[in-house]
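Read from first to last, the chains carry the letters A, B, C, D and E; within each, the first residue is number 1.
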């Protein structure tokens, strides 16, 4: 058992408050992913959990035991540092075996484990090199290797795959998922990669400026963000936000006039809304379709389109200065300046009040299938 | 004018050959992206271009002038290092303004430029901090800032956005694109992010183990990879490769029996193929559809599915040990173990001979729209 | 003209430096530049300079050891044509001899010293013994045994033990002399393992092992003075110049109880007390010889002694150079050891200090260039024997070999 | 190569291209050469001239006190120096002194450097206190130690010994070498501290963090992280101290005068007592050259042992 | 007691230990300082006295006898001069060796150090003759020159080690930013290795300040530094420990104060966190 309970955790560097009071429960064997904008305090939070940084206030419990001030070595956790922090004077092999050697693990056992890890991480031929003779991605893999040979109770990964190529990243992701299953370890994972976050996480924690915005399963965050920040942060390309005004708010939903023109009837709960309220409509690129300009009341002119192969992103600047993105199929062809219509899937639309809080919609229409 | 011409460039560290003979032409104002597996030599190639590493053999010309041995400072290029390499003793501001100060640029001008860059990079409030008090992503942005304030002829970016969150990454990407247009500079860019590669590049260079595999526009690579390596490397999730045997090869295309069962008629050029040849069929996840198990001769059992929100990836293990991935819509629901059929879009399929070389298909059927 | 004076950092020279303002007042055209260094550094410094004709110094303070060697080499200006009122005849003859080579005087003595015995009267009377005017080494041993009380931090005998030709060997040479030994025979053959040496050194080692303070083998003049003046030593045999210090309340706690006697003798009184003088000389490389001589004449004159007596008290005048000093009632009154000192000075004859004839001059040294090295190395052997690192025989045999080796280099 | 299309560019670069492909590289290496050479040249001059003179003097009879008698004597000076009774002792003592002080100063230096690396109250003062023995001139420190501290009658140590009811030790006759080592170490530990203390700062905190998570206690961190990090500075301490320690002189001269016996005679002192005392320049030169050879041997052995740390980049 | 308190206690204990070690190591100097305020008799008292009536007589005597400031000024000029000159030579050399390493680098380093291997007693006469002919005897220039030469290898070595610690990417970045070699050194390298350079400067100052062989043998009066002053108070006939202590205190006071003032520079927390 190793449930991690964090209560009102705060951390300041000198006078700058970095972590501003975080409450978090991480269950045993859970795979928790931290996401958040650059500089929001993810690494700091990991370092606090690891015990590398002294907390300013608040507590951390592992099960019943308070570990706020326990030495890092006694917490039985492994960490992949964002900056790798490899031991420069040790070979890759030694870097990976260091913890095991210290723990007095049998030589052959160590060798086996290191070589297993090296195989998985495709580091086999590099085992005798020093870190300085490695490429960025190779260093990062050594850092991962150093953590995974140890089988600790808790893993802390700080953007562990950021410097790997796509193929390797998929492999590593699967490997980490397998590891998570096999070792039954708790994993806390920081990433900026949405795919990683969505595929690996049991639970995603969205951080923003030292605070938790929302905690939930990946799809919950995707479908039911509690506020505009989370909605905008989860999903790529980013959800489009269109400002508008409530026309009518009744039991059958809300009628909204967007500043950019069209008027829509939305199935959201009207409680608390009244005519004239400012709201924001959020709609994801994948929930908008580009149609013929006559097929929709939402008429726009296409801006640049980006062809990614599988998909095409169409960027659209609205006359009132707002902009939105549409994800079209890979074979979509739209030219710069072309007139078109947009057909948003309103059952997938989000509505936010003036403070950015989500206005709930009826469950059934929300969750797909 | 600044055309970069690289001829038969080689580089070894001690006895390890890292760059094994590279020929490359980079036109003035081109945006060239290097992609390739971790450790294939991308950073080394950048460093050779920058003049930070001595070439073992080969030449680099800038326009007519050989710059193989010209001092880095004289090449008028800026680089974002994979490891950032910030000046630890200077504030963020000083880090960014250093080059300008050295060049004797007017104080106000420097201040303006730095503040512009800081605004774009969202570093405004951090200008007086030292690098060690920054988060990983913030450091990376300082490194970018240091390069962009300078307006050099050539930019070298080594995975410059790897530590940024998705939203910021999009912003930065657009910013770099804008910069590229405005400054009319040549940009050489290393990334592992397919979206970046596809959206930014005029030309993508696929490197593998110190060699160039293919050079081409993003969509060319996506649609017409010259070999199995490139096909597998470009596009995510990865293209599925299914082994098979040529049944008949004629003017109307190739008939193939896959090891995993189904038989397909493909529109590819049969020249050089004969019955009995081993081939590999490549099909991207986005070109396969999951259909009812009776609607297709390609019957499979679903493995895990990953829900990303906008998409769902279905992983499928075939009876003969091969595996493939299908990209289904976000609302796709398929359960583990469920039987289903697959409907590949054969016009989008790729065929590779036994050596991995692509067997061309008629142009018209290849390029979408 | 500027006159650079190189001198040693002993108290008398310090006084000279201070009083030289007087000289400069008398000779406004002469400016004095002082280079004051400790003895060893000074010797090295001056030798390098004079031998390489460096010309850095106009007046050099040298000892009885250098004067004849350098004089013979022609490095020093001769000291003839001295003015009448300087009264060179007043200078103690043995000192004059020690500073001359082949009858030519090369340096003017500034102060001189011999060796004598100091004893603590309090401790003696407590032990119920008294010191004869001319004690023998045998008696020394008895007195030491009676006064030795290490439990209370009182040691019977303090003698030099720190190796060096000017350190332990100064004393030991006089002991060897009085036991009838010598450094070299007339053929310049070393005689260090002779029975006389063995007896003398053996006696010394026994004496110090039994009644010496701890740390003898690194004690020199200063350490012994410190021990004696803080009442820890019953007997101390050393330079006469210590006498004034032992009476000076600023340096001594035993001023009231210190007693004086001649340096102890054994077989022969010859060479039982050493003879040393610091003297001023002018190197031939000097470019201000006239002014330098002017200064030297002032600094070694009777009137200078008078000056010191008046300004610093008579106990502080530079001793051991002029007979007239010892005739001066003011001095004799303030310096109870005056008589003993003159006597010792007169008895010590550098040209005749051994029982058997020798080819060299010098009481406690041999005025040849090789001696410094030989003396220092022998001193080290003896300190080795003293601290039981080797036996007496080993030490003396080694010493003999060392000396033979060194001598062979030049006297083949 | 055609430059006709862009004459302006063409002409500006023409010289660069046509003269030499490796022009720039050469310029680079010339620059780096230009940076070393001033030091190398002055040192070369500084070494060559005295060395040549010394070499020459070592082959002639040259005693300052026997001017004019400068005949060529071949290797006599060397034979004389090498056959000296104290030579073996001098060698052993030199070795003993160098090795012990090295060991002490490296070990103690490292420990102290690590100790003062953690912040505590008054760290700045402690640092200065720690390096201050280095501020004291060797002769002075020898005199202070000999007379004020180690003196068996009136020294502080003796008082401490007596306070605990023990018989004070007569350091310079019972443990002469140990006493010298003590004094010399006292002076040279601060040197090691100064160097290592500074070097400690470039140790990356995150490496230590990583090691802490890897279960390394303070000792393991010290052993596996700190020490390897300090390898190069330690190598430098060892090399520099060796050079200084090989010629320790003032401390011996002021305390024991090389005695008792040959107990504390090292090569430098041997040269002094053999040669300089009687101003035998020939002999001193020969001794000096022997010392140079020995120092070189020592240096080469050391370089073999620690050289990898010196140029290796961590 | 919580672990946090435990950690604090540990810090306190380590601090206490550091103080203990520092005070122990400093004790001889403290004792010397104390002795300088004793009379000669007190200085040699048994048992040694911690409490006594302090006197300034030693200092007064020194003031009366010698022109302290003359010697001190010479020391300052000579040691700062040689340090400055040495740094000017050593920094480029170390830079070139640390960052443009060739096969010769190691042997050059070793060779540099080997120039220090000739024992001074062995070369006194040759050097004296050279100095005499060059007219450098008893000049500050001469001393500056010789100190620069004898300390140069050490300075090169030390600066070299500190430079070696610096990740080379940082310099490469500077190079790309258009820094010339000199700018690279002065704008990037030196500030980063400030702590190390401060140590080197301090070390060179100390070594020059305390150098007692050449300074005594090559000067007479006009260029004599403080070592000569000390030599005029050490081991004369008669008790001298209190005076010696006083003069030593005076002799090392300036450099000690300098060290005190510069201690902040010596150890500057620097992390290369800017690279990974």
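General remarks:
Assume a contact is a pair of C-beta atoms (placed from the backbone, for glycine too) under 8 Å apart; a residue touches a chain by one contact, two chains touch by 3 or more.
Quantities reported herein were computed from a predicted structural model and do not represent experimental measurements.
Within the contact network of the assembly, the step distance from chain C to chain D comes to 1. For chain A, the chain with the farthest CA centroid is C. Among the pairs B-E and A-D, the greater number of C-beta contacts is found at B-E. Rounded to a whole number, the gap between the C-alpha centres of chain A and chain E is 56 angstrom. Chain C and chain E have centres, each the mean of its CA atoms, that are 38 Å apart. In whole angstrom, the spacing between the mean C-alpha positions of chain B and chain C is 93.
Among the residues of chain E, those in touch with two or more other chains are 44-46, 124-125, 129, 231, 234-235, 270-273, 276. Multi-chain contact residues of chain D, defined as those touching 2 or more other chains: 28, 64, 147, 153-154, 204, 206, 275-276, 313-314. For chain C, residues touching at least two other chains, in rising order: 40, 44, 48, 52, 153, 226, 230, 232. For chain B in complex with chain E, the residues that touch the partner chain are 50, 52, 71-73, 77-79, 81, 83-90, 98-99, 102-103, 131-132, 139, 146, 150.
Residues 204, 206-207, 209-217, 220, 224-225, 228-229, 231, 313-314 of chain D are the ones touching chain A in the complex.
Looking at the complex, you find that chain E touches chain D at residues 11-12, 14-15, 17-19, 21-23, 25-26, 28-29, 31-32, 35, 43-48, 89-90, 92-93, 95-97, 99-101, 105-106, 108-110, 112-127, 129-130, 148-149, 152-154, 156-158, 160-162, 164-166, 168, 181, 195-196, 198-199, 202-203, 206, 209-210, 212-213, 227, 230-231, 234-235, 241, 244-245, 248, 251-252, 255-256, 259-260, 263-264, 266-273. Considering their complex, residues 40, 44, 47-48, 51-52, 69, 73, 153, 162-165, 167, 213-218, 223, 226-227, 230, 232, 369-373, 376-377, 379-381, 383-387, 389-390, 395, 398, 401-402, 405-406, 409-410 of chain C touch chain D.
Contacts from chain E toward chain C in the complex involve residues 39-41, 44-46, 64-66, 124-125, 128-129, 132, 137-138, 216-217, 220-222, 224, 228, 231-240.
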